[in-house]
Structure formats: structure tokens, C-alpha cells
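Heads up, the next two complexes both have subunit A, just with different partners, subunit B and then subunit C.
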Partner chain A sequence: MTRFWSIAFSAFAVAFFALLLGIFVVQSIPAWQHSGMGYVTGSRWFFRTHQFGALPMIYGTIVVSGVALLLAAPVGLASAIFTAEYLPRKARLAVKVLIELLAGIPSVIYGLLGILLLRNWIYDLFARFDISSGDTLLTAAVLLAVMILPTVVTLSDDALRGVPGAQRHAARSLGLTRAETICTVSLRQSARGLVSALLLGLGRAIGETIAVFLVVGRQDNNLPERWLSLRPLLESGQTLTTKLGGAEANIAYGDPLHWAAMMGLGLLLLAIVIVTTIGGVWKKVGHDA
Partner chain B sequence: MRRLLDRLLFATCGATALLVCALLIGVVFVIAQRGAPAMSWTFLTEQIRQVGAQGGIFFNLVGTVILITTALVVCTPVAIGLALLERVYVRSERWRRSLGVFLYTLNGLPSIVFGIFGFIVFVKWLGWGKSWLSGGILLGMMILPTVTVALIERMKALPSRYVQAAAALGLKQSQIIWSVILPQTRSGLLTGSLLGMARAAGETAPIMFTATIFAGATQPHGVKESPVLSLPYHIFILAQDSFDPAVGAKLWGAALVLLALVLLLSGIALPGRLKMHEEANV
Partner chain C sequence: MRILKSSSIKSLATCLASLAAATFADAGTLKINGSTTVNLPVAEAAENLRAEKKMDIQVDTQGGSSGGISMLGEGLVQLGMASKHVSADDRAKFPKVTFNEIHIGEDAVALIVAKDVWDGGVHELTKQQVRDIYEGRVTNWKDVGGKAQKIVFLNKEPGRGTWEVFAHWAYGDPKKAPQVSLPEVGGNEETRNKVGSTRGAISQLSSAWADEKKVFALGIKGDDGMAVLPTNENIASHAYPMSRPLFVLTDGEPKGDARVLVDYLLSPAGQALVRKHGYLSLDQLAKPAAGN
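This part shows the complex of A and B:
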């Protein structure tokens, strides 16, 4: 009986997940039939004339989460090096628990800080570049960077601690300084775990909705005119998640094609996040078991 | 030169770690500082009036408690089932690993995807409209990995001689589960549940299309068309047009209450969490 229920409940969880994936696949089919590959490469989204090009949203998602990772990675890694390599055990656990506690701060609270504080700071800082408001992709990226820091720090710290102490001792006894030991032994041996930490942080950044929604400006069809400049960072935009979380999701349901296009965005989001997450955990889970 | 580089790395990393801690503590500090003026007993016990400019957040708090309790009730049996499957019933390493990847993937799914999924299934297909129950179920599935992983970690740390002793006494597998494994890992379930509830309390995206409205709901009656108010959605809506200073003060107050609730829940889970770190021994 216990076995039956255990399997039944597990099957429920798997079925839930499968249904979720299935719904996004099936309900987005009309959009793929309507636009073909143009759905992903098209740069125009006007639902009244049934033009559905998701590229601006994909661009927004990549820029926002990419910049967030660029900001969070060095800071997160350096902090993890400090907690894992320098701090004594008790202090390390204290810092780690503190950081994990703060990882639980809800995204709507980060959003609130973003909309009421960070937005103004960004505006003041970049006002001389003639920006229209503080609702920029950069604002969202900075906010996301802070949000994913705890994930990056605590997972990188785990990865670094996974390197056997004997290796460090060997390196030290060969006369290497602590810094040299870290660079040649710890970082190199934990490289895989560190990449996982970054990927899981990236996955979180890509999927984050509420905080980004509040600060990104949500302007449709905003692809940069010049790709190789930093200017587009200071403009508003739209990401996959903000589009899905916006008011358009409510009006789209009446029109099957429009709804399919929205579900297509969800499917793209799911695909990107799942690939990133699995990339991050594939090796890791094997090691833990 | 080598010494210098050594010192430099130490100083840089130390400074960065301090920066990270300061940044995160700063977030809490700012919320506490700005939210404190709004805090009063009536803020917690009155209902919302004049689009958030007056009154309090009583029914928002009630709604959030209803949502996270439902989430926990939905999640617990499934989490126990999954944890037992992973630790007891699945023998092959490959399946165990797939289950692990499944849990991590579920954990990484964007919350908005749950919201849209719930909108289709509960609001449209089942015709519930906005209902506390759909929000509870969605949040329950969102926090499933948190609870399950905490339980699995605790089960891994259970000394194998407990199970062996029970088996030597002639207990059947199901008896071992009910009389040894589950009672001995209760603390893991508790830690996981608290962390899960802390996470569920702050989520906005899964409930905004499915379970919660901004004003006009009290306690739910029945399932269909019975939305609740909630703290995160309250903050989310007010944050978008908070030009009225009266609303602003209440808004920070609501944020402080939500943050306090989340930190309280994860704070109670703290000893359990420390134990998990000690047992993982990394």
C-alpha cells in the first residue's frame, strides 16, 4: 500500500509536469503554423494585424539575463572563494546561512526596490546620455544580478569545498602561496561545479518575471539599431517573461492565434530555461548521488 | 611579488564577500526603515480602504496564509511519495539520477509558466475562475522540489543501522517506512516545509492570473469564483502606481510585513538548515 501511494503521488508530480509541457507545445502549434521560423526571427509583434515576431522578446531576455550574469559572476565567484578558502568552518557556515536566508527575499520586494529606488539612481547616473526614463534593460539587469548573487555564491562555495583538502595541502607544501593554490588547484578542479553554479544562476535570471516586469519598461518591438553599442542597454524593452506576465495575456485568450503566439513565448522560455538548468545539474546530480 | 598577489587576492575576495553581505542586508534594512512608519496594530487588523491609501492589510495577510497552507497540504504527500521513491523504491542509479534531474528542472521552471498553466487548466478548463484552491495547488507544485530535496537529504543522513535493525526484527518494508524512516526524518520534512512556505508566500506570478485579486475579497466560500487577497499581489499592483505618498507609506509597510513573514518562516527553519549543511559536510 505504501509503495502504491508513493508511486501514485510521484506519478502525479510527473504527470503535472508533463501536462504543463504538453499544453505549451500543443497550444502554440497554430503560431508556428502561421509564422513558421519567422516566429523566432521576426522583429515585429502587432497582434491586431496578426504579426507575431518574438525576436525582440528573445533579445530582451538574453540581454537582461546575460548582463546580470556578467555582473554577478565575478562578484559571486570572488565571494565564494573567500567563504570556501579563507573563512574558518563556523564563520563560513554563518555567512552561507545568512546568504541563503537572504536568497528567500521575494522577487516582488526586489521589484519594489527597483521601481522606487534603483530606477531613479540609474536615471540620475545616465541622465547625460539623454535617456527617457530609468526603466531600462540595464536597471533590470542590475536588479537581477543582485537577485541571483545568493544562488551563485552558495553553489560556487559548495563546488569549491568539494575539492579535497589534501590537494590544497599538497600544493601548499610545494611552496605555492594561498592565491596560487586557489588558482591552480581549487578553481581548476571545481571548474565544472562553478560552471553549474553560474548556469543555475542564469536559469533563475531568465525565468524571473515580477521584478523585471516592474522596471524594464515593457516597450514592444524594441530591437537595437546598432548592435555593437551599449546604448540599447539604456532603453526600455520587453522580455519573454514580462510579455507573458503583462496585460496582453488576459486579452489574448479570446483570439486563438494570438493566444497561440503567447503560448509560443512560454514554450521558448521553457526551452531556454530547461536547457540551461539541465546543463547546470547534469553532472552535479551524478556526483551527489 | 608573489606575496603581494597573495595578499591582493585575499583582500579583493574579502572585500567582495563583505559587499555581497552588505548589499543583501542593505535590502532588508531599507525595507525595514521605510516600512516601519506604517506599522501599527490597526495596519494588521483592518481591511484595505481607498485603493490602499487607508486601512490595513488584514485580508491580504489572511489570503497569503490560506494560499501557503493549501500549498503545503498539497505538496506534503507528493513530496513524501517522491522522497520514498528516490530513497527506497528506486534501485537503479540511472532512474535515481533522472529523478534528481527532474526535481532540479521543476525547481528551475519560471514562476510565470505556472501562472499561465494554471490560467488554462483551472480558470478556463475547470471553470473555477479565480480561486484560492488553484493558487494553492500551483504554489504547492512550485515548492515541491524544495520540500522533497530537504526530505531526501535527511533520509540520506539516516544511519543505515536503524533500517538494518528494523529489518532484522522482521519488519516489512512498509512497516520500516512508517515506524523508522518517516518518524526519524520528520525534521527534514519540517525544514523543507518551512522553506517551501517561505518561498510560496512571496510568489506573485503563479497566483496573479489564477487566485488573487487586488480588492474586494474576504475569506473564501467554496472553490469556484472565490479569490483571495494576497500580500505580494497587493505590493505588485501598488508598486506600479505609487505616486500618492499615503499609498507609498502603506506600500512599504506591506513589503515589510511580507519580508518579515518570509524571514520568520525561513528563520524557524534555520537550525534544520544548519544541520543539513553539517550533514552534507561540504
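This part shows the complex of A and C:
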């Protein structure tokens, strides 16, 4: 009986996901017919003239969440090592509760903090680079880094604590210092868990809407002129989620092609999340085998 | 400040919301959505009615005027708020809905600038100068009478009533407005906040929100060389070119709780709220606006 229900509910979950994917695929078909691969590679999005190129938004999503992960990963892993390896048990639980509370703060609160503090701070800090406003890809990335930090810390901490204490003791009794034990035993043994902690953080960053919406500037079609420069990080941009969350979804209603193009953005977002997740799971399975 | 669902896939939320609305349409809550401009007096009226008559009212500002029109069209709300007329396109999108525009007051769209621009000497612009700035042909304030400083145009999102009034004035028809890729701002609070804190910034904003402390409303210079400011007299006489009607929208004649709210907004108490938030009440207008 238990077996039946577990299979039934798993099937239900899979079917629901397939349905979701199917809806987005079907609804976005007119956009693909209209623009072809240009929908993904095109750099111009002007809905009134029916030009739909999503590349600047894909770029925005990848850059914002990627930089957020780059910023959050070292801090998050270091904090996790501290809580898991150095703190005594009671203090660790107290710190963990605090960190998990941070993870539960609604994103609109982070967004407002971003507006009140972060964008002004970035605006002043980088004033010498002649930046137009405090709404930049970097602002969004820093805000997201703060938002995903609790997720990264608490999951990394769990992964590190999953390494059996006996292995640590063995390493210490062989004469390794505490730092050496962490590097050679704890981090190695928990590598898979740490990677999935980072990927879950990345997933949250990719899907975040409102906080990014408030500080990214929502400027369409702003691809960098030089790809290897850091300067484009200081410009306004648009991500897939901020476009979907903006007023354009209301305008698109009733124009089948425009609506399909918006649905296509949802599909692209889903695709990016799927690739990220599969990346994590695949790595996991690979190690287990 | 507009509140969005944190769901990354808004459209899915809309689909689910339609289902939910079909199920709970008559749950007794009066649901209102639309323009942040119209929201101010309506939200306060709702507050008063909640206290006085224990009515259950929910006011939201998702998507601005076009959000109000589309949510009324889809039957998700009983009242829409709009700071623009319901266009023929909108009516064509929702053929089953009889959009009824109820005029509750008048507002103007101002071009607002940050304090440093105002202090730099820019107090008015001509239509041509505004077009040049909007389309990126003029990028420095020194070219339009200010000090040497980069112009940062924060564009109101298309679909907002404010943007449509602006585009109608600058280009004759929002559909003829050139496609630009400027940083965008949404609700009035966000616009005021961001223009106020960004050097060299200009944007379009309801004139009632120009506080003359952080952000300043520019005069519009006509062909006669006279600058017209968005004052109450100039809005009422239509001497100021970017004035606009404020509407609450219903599907057909308002009924039930919606009727109570509409009547309240048109009563002296409701009209006082319209004035309180810086808009013109109906009796202040020289003549009734067309289309009502």
C-alpha cells in the first residue's frame, strides 16, 4: 500500500511538472515560429514592432545570479566551516536558527533594504566610473548574494556535519591539525553536499523576482559592448524574472504573439533552472556510482 | 509601491488566479486593482468604509492602469482604477466586458527632475527638447539650459497611465512613440524615490507627487515661449498639456459594495479625499472631461 501511494504521488509530481513544461511550450509556440532561434540569440526586444530577442535578459539572469553565487560562495562556505567545525553544539544550533530565520525573510523586505541602502551605497562607491544610477546588475547581484547566503550556509553546514566524526578523529590522531583535517577530510567528504548547497542557492537567485526588480533598473536591450570588462556590471539591465514581473505582462494579454513571447521567457527561465538542477543531480549521481 | 507575487512565473499565477476567482468570485470581498495614482484616494476611501460600514475591501496596484483594466476584464476584481481612458484595443480584448469609466477627478503628468538639475537652472523644456532627450539625441543637461551633467532618463513603464499620457502628448499616439531602451520605473513612490536619489535624473510622474523638495516639476514651454506649470488652474483650464482624467472602472453599472464605494468617492467626503491627495476634484474642473 505504501509502495502504491509513493509511486502514485511521485507520478503525480512528474505529471504536474510535465504539464507545466507543456503549457509553456505550447503557449510560446507562436514566438518560436515568429523569431526562430533569433528568439534566443536576438538582442533586440521591442514589443510594439514585434521584435522579440531575449538574449539581453538571459545575459542579465546569468550575470546577476552568477555574480551573486561568486560573492556568496566563499562567505557561505567559510561560515559553514565555522559553525560545523569550530562551534560547540549548542552555540551551533543557536547560530543555525538565526541563519535560518534570515532565510525566511520575505524577499520584498530585502528589496526595500536594497532600495534604501544598497543602491545608494553602490551609486556613491562607483561614482568615479560615471555610473548613471544605483540601479545596476551589480546592485542586484550583491542583494541576491545576501539573500542566498543563509541557504548556502545552512545547507553547507548540514553537509559538513554529515561527515562522520570518526573520520575527523582518525585524521587528528594521525597528527593532522584541525585546519588540515577540514581541508583533507571534511571538505572532501562533503563535496557533493556543498555543491548542491551552492546550486540550491543559485536556483533561488535565478528565480528571485521582486528584490531584483527593485534594484536592477529594468533596462531592456543592454548587452555589454565589451564582454571581458567589468564595467557592464555597473549598468542597468533586465532579467527574465523582472521582465515577467513587470507591466508588460498586462500589455501582452490579448496580443497572441506578444503573449507567446512572454511565455517563452518563462520557458527559458524554466530551462535554465532545469539545467542548473540537473547539473547538481548529475554530479551527485556521478560520485555515488 | 506595487506589490508583486514573488512567483517568478507571473502568468501561471494569473492562470491560477483566474481559477481561484471563478471559485471565490462572490466571497464577499470587494477587490480593487489598478493605477497607483488613483489608488491614493481610493485606498483611503476604502479605509473609511471599512471602519464605518465594516466592508471587506482589498485594494492593490499590480501593473498600474493596464493591470486594473486587464484584471477587471478577466473578472478578478470588481473595480479597476485607471489614470487613462480605456482604449478601443482594451475593449476589443475583453468583448464580454462593458467598461464603465467613472470620472472621480483630474490629475496632470509632470516631467520631474532631481534637485541638482533644478538647481542647475533647468526649469522648463519644450516638447522638442523632451523628445530629443527621450530618444537619446540630447544626453547632457548643458544642451537644454542646465549645467554640464549627464541626463539620466528613468522611463515610466509602458502600460502605466502616466507613460501613456506622456507618449500621447509627445508623439500624438502611444503607438507612434519610438521604441527606446531606457531604465524603467514603476509606481509613483518608486519613481519619486529614484529620481530624487539619482543625479541628473528626469522622469514622468503624477504632478501631485512632485514634492518640490526632492523632485521638481518642470514647466512645459509652448510655441509662444511661455512656460506652463502643472498648477491646479492650468490643469483645470487645460492650459497644461498633459492633464488626464482619473477613473474607477466597473463592468456595466456598479452594483452592491462597488456601488457604495463609487457613491462615496463621488460624495463631498470622497471628493475631499481626491483634493487631499493633490488631485483636482470634479467641482474644481472648468468643464467635465470628455469621454465620460
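The working rule: the second predicted complex is superposed on the first by the 257 of 289 C-alpha atoms of A that agree within 3 Å, B and C clash if a C-alpha of one lies under 4 Å from a C-alpha of the other, contacts with A are read in each partner's own complex, and residues count from 1 in each chain.
Everything below uses one rule, namely that a contact is a pair of C-beta atoms (placed from the backbone, for glycine too) under 8 Å apart; a residue touches a chain by one contact, two chains touch by 3 or more.
What you see is a predicted model, and the numbers here were worked out from it, not measured in a lab.
Of the two partner chains placed around the shared chain by superposition, neither subunit B nor subunit C is touched by A:Gly60.
After overlaying the two complexes on the shared chain, residue contacts for A:Ile274 are found with subunit B alone; subunit C is out of touch. In the superposition on chain A, contact of A:Gly193 is made with neither subunit B nor subunit C.
Within the superposed three-chain arrangement, the count of touched residues of subunit A is higher for B, of the candidates subunit B and subunit C.
Within the superposed three-chain model, A:Ser79 lies in touch with subunit B and out of touch with subunit C [touch as defined at top].
Of the two partner chains placed by the overlay, neither subunit B nor subunit C lies in contact with A:Pro232. Within the superposed three-chain model, A:Gln219 lies in touch with subunit C and out of touch with subunit B [touch as defined at top]. When both complexes are overlaid on chain A, the residue A:Gly201 reaches neither subunit B nor subunit C. Of the two partner chains placed by the overlay, only subunit C lies in contact with A:Thr49; subunit B stays clear of it. In the superposition on chain A, A:Ala247 makes contact with subunit C only, not with subunit B.
In the superposition on chain A, the residues of subunit A touched by subunit B in one structure and by subunit C in the other are 20, 23, 106-108, 115, 207-210, 214, 241, 244-245, 249-250, 253, 262-263, 266, 269-270.
Put simply, subunit C touches subunit A in their complex at residues 3-4, 6-12, 14, 63-64, 66-67, 69-70, 89-90, 92-94, 150, 152, 154, 157-160, 175, 179, 181-186, 190, 193-194, 197-198, 201.
Here subunit B touches subunit A in the complex through residues 2-3, 5-6, 8-10, 12-14, 16-17, 19-21, 23-25, 27-28, 30-31, 77-78, 80-82, 84-85, 88-89, 93, 96-97, 100-102, 104-117, 119-121, 124, 141, 144, 173-174, 177-178, 195, 198-199, 201-205, 208-209, 232, 235-236, 239-240, 242, 248, 251-252, 255, 258-259, 262-263, 266-267, 270, 273-274, 277-278, 282, going by the rule given at the top. Remark: subunit A residues 1-3, 5-10, 12-14, 16-17, 19-20, 23-24, 27, 74-76, 78-79, 81-83, 85-86, 93, 95-102, 104-113, 115-117, 146, 149-150, 153, 158, 161-162, 177-180, 182, 200, 203-204, 206-210, 214, 241, 244-245, 249-250, 253, 262-263, 266, 269-270, 273-274, 276-278, 280-282, 285-286, 288-289 touch subunit B in the complex. Across the complex, subunit C is touched by residues 20, 23, 46, 48-49, 106-108, 115, 119-120, 123, 130, 132-135, 207-210, 213-214, 217-222, 236, 240-241, 244-251, 253-254, 262-263, 266, 269-270 of subunit A.
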